[in-house]
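Labels run A, B, C, D and E following the written order; every chain starts at residue 1.
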Amino acid sequence: MTTHYLILSGVLFAIGALGVLIRRNAIVVFMCVELMLNACNLAFVTFARQNGNLEGQIIAFFVMVVAAAEVVVGLAIIVTIFRTRRSASVDDVNLLKY
Amino acid sequence: MTHVLAADPTLADFGKDPLWITIIKAVMLFLFLMLGILFGVWYERKLISRMQHRYGPNRAGKFGLLQSVADGIKMGLKEDIFPRTVDKVLYLLAPVIMVVPAFLAFSIVPFGPMVNLFGVQTPLQMVDLPVAVLFMLAMGAISVYGVVLAGWSSRSPYALLGGLRSAAQVVSYEIAMGLSFVAIFLFAGTLSTSEIVKAQGEQGWFVFLLIPSFVIYVICMFGEAARIPFDLPEGEGELVGGFQTEYSSSLKFALIMMGEYLHTFTASGIAVTLFLGGWRAPWPISMWDGANTGWWPVLWFFIKFVLTFSFIVWVRASLPRVRYDQLMSLGWKVLIPVNLAWILLVAAARNVVVNEGNKTVGIVIGAVIVVGALAIWMRFDTVNQRRKEARKAEVEAEFEQLSDEPTAGGFPVPPLDLPHYHGVQHKEIPSGTN
Amino acid sequence: MSPWLPIIMAVPVVGAIVVALLPKGGDKLAKQVTLAVSLLTMVLTGVMAAGFKPGGERFQFKAEYDWIPSFGVKFGVGVDGVALVLIALSVVLVPIVVLASWHDADGVRTSDGTLITPKRSVKTYFSLLLVLETMMIGVFAATDVFLFYVFFEAMLIPMYFMIGSYGGAQRSYAAVKFLLYSLFGGLLMLVAVIGLYVLANKGTFMFEPLVGAIKDPTTQKWLFGGFFIAFAIKAPLWPVHTWLPDAAAQAPAGAAVLLVGVLDKVGTFGMLRFCLELFPDAAKAFTMPIVVLAVISIIYGAIVAIGQTDMKRLIAYTSISHFGFIVLGVFAMSSVAQSGAALYMVNHGFATGALFLAAGFLIARRGSPFIADYGGVQKVAPVLAGFFLVAGLAGLSLPGLSSFVSEFMVMIGTYSSVAHGSGALTVAAIISAVAVILAAVYILWMVQRTLNGPTAEPVKAFKDLNAREIWVLAPLVALIIGFGFFPKPLLDVINPSVQQTLTNVQVPTATIAEKGTGQ
Amino acid sequence: MNDVIQAPTIEYGTLAPLLIIFGAACIGVLVEAFAPRYLRKSIHVPLTLLSLIGAFALVIVQVMRGVPTQAVAMGAVAVDGPALFIWGVIIVLSFVSVLLINDEGHFVASAAAVPGSADEEEAEAADNGTGQTEVYPLVLFAVGGMLLFPASHDLLTMFVALEVMSLPLYLLCGLARRRRLLSQEASMKYFLLGAFSSAFFLYGIAMIYGYAGTVSLPGINAALAKGALLDPLLMIGLALLGVGLLFKIGAAPFQSWKPDVYQGAPTPITALMASGTLVAAFGAVLRVFWVGLGNLDWNWRPVIWGVAALTMIVGSILAITQTNIKRMLAYSSIAHAGFLLVGVMATFGAAGQNAQSLKAILFYLAVYGITTVGAFAVVTLIRDPGGEAGHLSRWAGLGKRSPILAGVFAFFLLAFAGIPLTSGFFGKYAVFAAALSSGTQPGDSMGGWMAGLVVVGVVASAIAAFFYVRVIVLMFFSEPAADGPAIAVPSMGTVAVIAVSLLVTVGVGLYPESILGVANDAASALFIR
Amino acid sequence: MDLYVPILVLAVLAGGFAIFSVAIAPFTGPKRWNRAKLDAYECGIEPTPQPVGGGRFPLKYMITAMLFIVFDIEIIFLYPWAVSFAPLKNDAGDTIASGLGLFALVEMLLFIVTVLVAYAYVWRRKGLDWD
């Protein structure tokens, strides 16, 4: 029955990745990344149950912490950009050309 | 009193009920809460008005007991205002999101030990989890979503700001509250409520063991349930009803009110369960062996519960509402650091008491913690003291300046010795001439 | 362990540092120091060369120091005959070049005073020159393949800057082209070097242990390819020669002399030393195609040279043709031809050097490299004209001048070589003989167009050679004529090591039988 | 918790360098909190530098005491020979970079302020050119992460280290005083892409955990030894893990962030990233592929082959089209990542072979890192009114205007190009040699492929040489522009940085054994498996 | 899993109730249309048009949110630590799981001190002040 959870986490991860690639608003992109991280958490916990050891759940804890840190840093950056140029769209961020 | 009663349920006793028992329990709990709300509203109003030398509701039914029923019906029959600008789905969803977790949060509160319910041995508790307390906190957190969404979907500045304010307040106090439980877990070694109650049976009520935790919890309780003195979310005086501005009437409003009442109930329930020995009989009665068996504990629980609730009401009657910055700085600058220090202290003590191995190190560490905490506190205290004095001094200076030179500070005051005040050119108009 | 070579290599680089650190405005001093250092180096080399025993063991004045043990790289130097003469060539050319380019860096003015190259940092130029000298000595002296490679590549940088900063109008283009060509070849060679080390699995880069270390023919072919391409680019062999005319034309005369006179020799030297001895089977297998390339560049160089309007380019193309001869000699697999090739390297150095310098003096006077702008120089500046004529004749290897001996030996050797049984080499020799006539054409035509005929207007203002310039050309011409009549000392030094090479390559004894016919 | 929990043990002594760095970082935060603004920098600088020195000394002590052969902290961290070498290198590099960071005027006074706004003015007035002093603790945290990253012995620690390393860098990128918008963009792009890639990394970990039932690298290897090697979980995990790691080293096709970030970030930070982060990331890559996936080499080596080739080619070719010096250096660093990957290709099979290629990579990393820092240090000195003179055309004729600076820079470029008698050449040689010799060891199916890869590398470096040479041509062979950029008078720190980098580049170029020997000792004590 | 069944049941009950009352509200009451009544209430003045997705709000709230995340995570770490700190005894009173003891105490001390460092920083940088 753990397969269902895996499928779910896979779907979540895919949605997140797709969102990162498609969506244009920085905050949304960034939420999609968080979604991906949570998909990872789901996978970890599922595998922890499957393998019958606790590592996965512990890892989930750490991932939460890291995600939190990422949220804080990311929001800080995005807010700063927003304050300087009144827009949080990735498309407006185009001074750096290839 | 370390003797262990067979009747004490542990985690192992849960998840065994047949479905129908579960359903019965659920219905019972649900009814209990609904009636509780009806009764509670009446009780609160009555109590407060008594404290304020008023009669309070006394028209609907005996002692106005049916007052809240009447209110409910009235709300049902009022017009259901649906503002044009709101975000439809969320606007409707918000009250639901607020009320459902409030119900669930209460489900982990134990009412009593193992009882015989329709011939089935089952603990007198809806459900218990290895992470029961965490579950309760989580539910509390979810209903914050309700608040924020309510404010956000209303599309009105008051609602938005109100929602954010209450969200900020609730989360801030959630931290302190969560920390205040840690000491308990240090003693009980579990998060399951039933086992915590059991542990209180063995180690005594935590309210006595961990007074600081209890005090902090009680403070946070008000913050969490947004009761006076911390009822800023709907501080009418400041932001016209806060996040529920647009829920002007009707059952949606009723749901929101209900949710907040349930939070209050949960807060009291948790206070009773974690600190006041849960369903255990208080001291003199506990002498009698039968006190903690059968259905008796339900009685003890109710007594404690009602008393706690009355205390909340009493506070409402006696304290004014605090300012928002005071609220926040209390939560962030006082409760959290004190909590952390206290936790470390308890841990150190606990380490010395129960853990095998070298005790001296533990003691040393404990001493270090105490000294360090005190040092920091004193330092901050003196700093604050200096700040206060400085502030005071400059205010006084300002005042001085104003008093001896009226036009200072940019507020021109007309000099009081101008001639016309004394009526130099004042021409007497004789009365009665025409 | 003899300290000779390390000392000789150290002297110029120390000198370079001294020159670079001279106080501001010490240009004159810098030039004098440079000249002194280069002369000292020459003297030292001479003393060392005197101690060289032609009959003795192959590598003499050996010195080995651990350099990079983790890679098995040693700082190993030592000279055999060929290396010795080439080192001699370089140390002789350097002081001459120093003299020749005395004023190159401080803005060259034509006789009518127009500035053709602006003022540039003198100290940099001369310290680069000295650094280059060290590396030229090092690359010939290295007995450690890795060390050889290091010098082979590092040499590019000073030359690159000399061309790029001190050259003519197109200098940066020429410099980059030169650098990239050589670098590319060098990198391929690097792969081959690594491959050699790994596959030989001897744990060392020293030349002698590596001889015959690679048995498998196909492996040999690959590695040979790596080395050969690098060398072919270096000693411009058709079709990878195109960088040379640009570089030589843009470089200041002095630098051009070193470029064509010495740096390119590294290529042919490398073929003789490494390609042949390390990968004999591959060398034999590839002889035919390489010979074909050589012949092509002989003819091609000559023909294109005829069409040139720019003196320096013309000389560059003549050298391409000459290098064709050298490569031909190297791969003819007969001792005569190889000795001839080795000798040719030296003589060509002197001859072309003289030609470049003389042309340089002409250009310095007129400010234009184009032949058409000259005419009747001999009336105005007879001495200059004389030197130019002699150098030119040496270029077409007139009998009695040094290049004749070597060219003759190469052709004889190739003609009579029976390596690869078939008379293919014979045919090659015959075809290449055509180039002799062509050479006569391009040299004489150029000489005639510049020296004889009506004196062009601007040429009238020419001053004849001053003392410095005479001192530059005289020794070269002396050497050309001297070795023209009496090449034996050089050959005595060269022959043994060529023998050694051939024995390492294991060519049929028949060829070795008729050795020495050239003398 | 039905089973007995044993209190874990932590070898504080072995982890001391890490602890010093992190401790200093925390103290730095406290300094930020309590020290008055005008004092902060004068406290931070010695604190940071001293902590780095202390950490380095401790690393030396470790080496003296003998390299541990056991993973410490319950198998979370492996302080083995390579790790110690990498630590040393990272600490030195970050020390040098910090010297660069001390230089005034790189960092914004208050990052949150809107440019030109009132509070910006106020902040500018308040700080004496030092800029936001949070930089120092942030750098220390980043360095700590860099130290932990290559030493982490299970994937969880590695992930945490990765984030600890990256998050401060994300912020630091946005702190440039001039060209603010550019810098903030860089920071945002770096953050979004970085978070994206780390999510991939994490999901990869999850999959591998699902396959192996553990995240400790040796455990994974053991599981590979007996488990089925075609398990989809494993494949997905391997791929995603690879994406995460390759992103960090900026290998194609995950290189796109590098030029933007390098260009936008304040140059000292760019120097730190280009040197320290690269070193750390490669340490991690080596550890994962050798310790964790060693039994799977037949599976990942073809992929790495392609990636390495692609990276070298892309880096070299795209660099040619660049007009901005920092972007060009970024692409060159991509190309170098490719060369290093060639070395990674060679780390497999017999221990001896592994040691050799390990040595090569370690050496390469050390010399490349230091040269990079030097190059960026020079870049900081060529200034326009609006900030650093990024555009290549502004560099024209620099050789005439300040020959020494131009000469030094040219030398660094030659080192990048791998001309003999510079450190870069020996780095490249070492890697290529390792690759070729790995191709010859028995039982390797990819012998010819390795040779092919080396040839690709050679071609790539020939292409790369072109654009390095182009800059030299620009600096020396073309006349200076009328309104050339100003050449800032370098501070003591910058001078020291350039001098040190030059010294190392030359010294190692003449006598590589100096570092090579150390790398050799470090590598011969292999990764703990 | 079936530990959670009762919660599910209760959730269904409460949810049903809530949704029901939200749903019937429009039908039970009268409808008297009035434009002003359906506007957003701003004490009687013309309501300020709100952008989709709510208006802009002070950054302060965002900062609070970030702080909350950080400290909540800290709590996450405190709970397991607290639970497994003391040795676990069964009813018979003999230890079935030894506590982490001194080690845990020291580690948690370090952890909390680290958090307090950040806390002090935030405090000093006026992160906790509401003016």
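By definition in this document, a contact is a pair of C-beta atoms (placed from the backbone, for glycine too) under 8 Å apart; a residue touches a chain by one contact, two chains touch by 3 or more.
Quick caveat, the model's predicted, so the values are computed rather than measured.
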item: Both-way neighbours, i.e. chains that touch chain E and touch chain C; value: D
item: Contact-graph distance - origin chain D, target chain E; value: 1
item: Top chain pair, ranked by number of contacting C-beta pairs; value: B-E
item: Most widely separated chain from chain C, with each centre as the mean of CA atoms; value: B
item: For chain B paired with chain E, centre-to-centre distance based on mean C-alpha positions, whole Å; value: 13
item: CA centroid of chain B to CA centroid of chain D, Å; value: 51
item: Cα-centroid distance, chain C relative to chain D, in whole angstrom; value: 44
item: Distance between the centres, which are taken as Cα means, of chain E and chain A, whole angstrom; value: 20
item: Touching two or more other chains - residue numbers and ranges from chain A; value: 76, 79
item: Interface hub residues of chain D, defined as touching at least two other chains; value: none
item: Residues within chain C bordering two or more other chains; value: none
item: Every chain pair meeting the contact rule; value: A-D, A-E, B-E, C-D, D-E
item: Chain D partner contacts - residues on chain C that touch it in the complex; value: 67-71, 121, 124, 149-151, 153-154, 156-157, 161, 164-165, 171-172, 175-176, 179-180, 183-184, 187-188, 190-191, 194-195, 197-199
item: List of chain E residues in touch with chain A within their complex; value: 59, 62, 66, 69-70, 72-73, 76-77
item: Partner chain D, residues of chain E touching it in the complex; value: 83-84, 88, 96-104, 114, 117-118, 120-121, 123-125
item: Residue ranges of chain A in contact with chain E within the complex; value: 61, 64-65, 68, 71-72, 75-76, 79
item: Footprint of chain A on chain D - complex, ascending; value: 111-112, 114-115, 156, 159-160, 163, 167, 170-171, 174, 180-182, 184-189, 191-192, 195-196, 199-200, 202-203, 205-207, 209-210, 213-215, 256, 259-260, 263-264
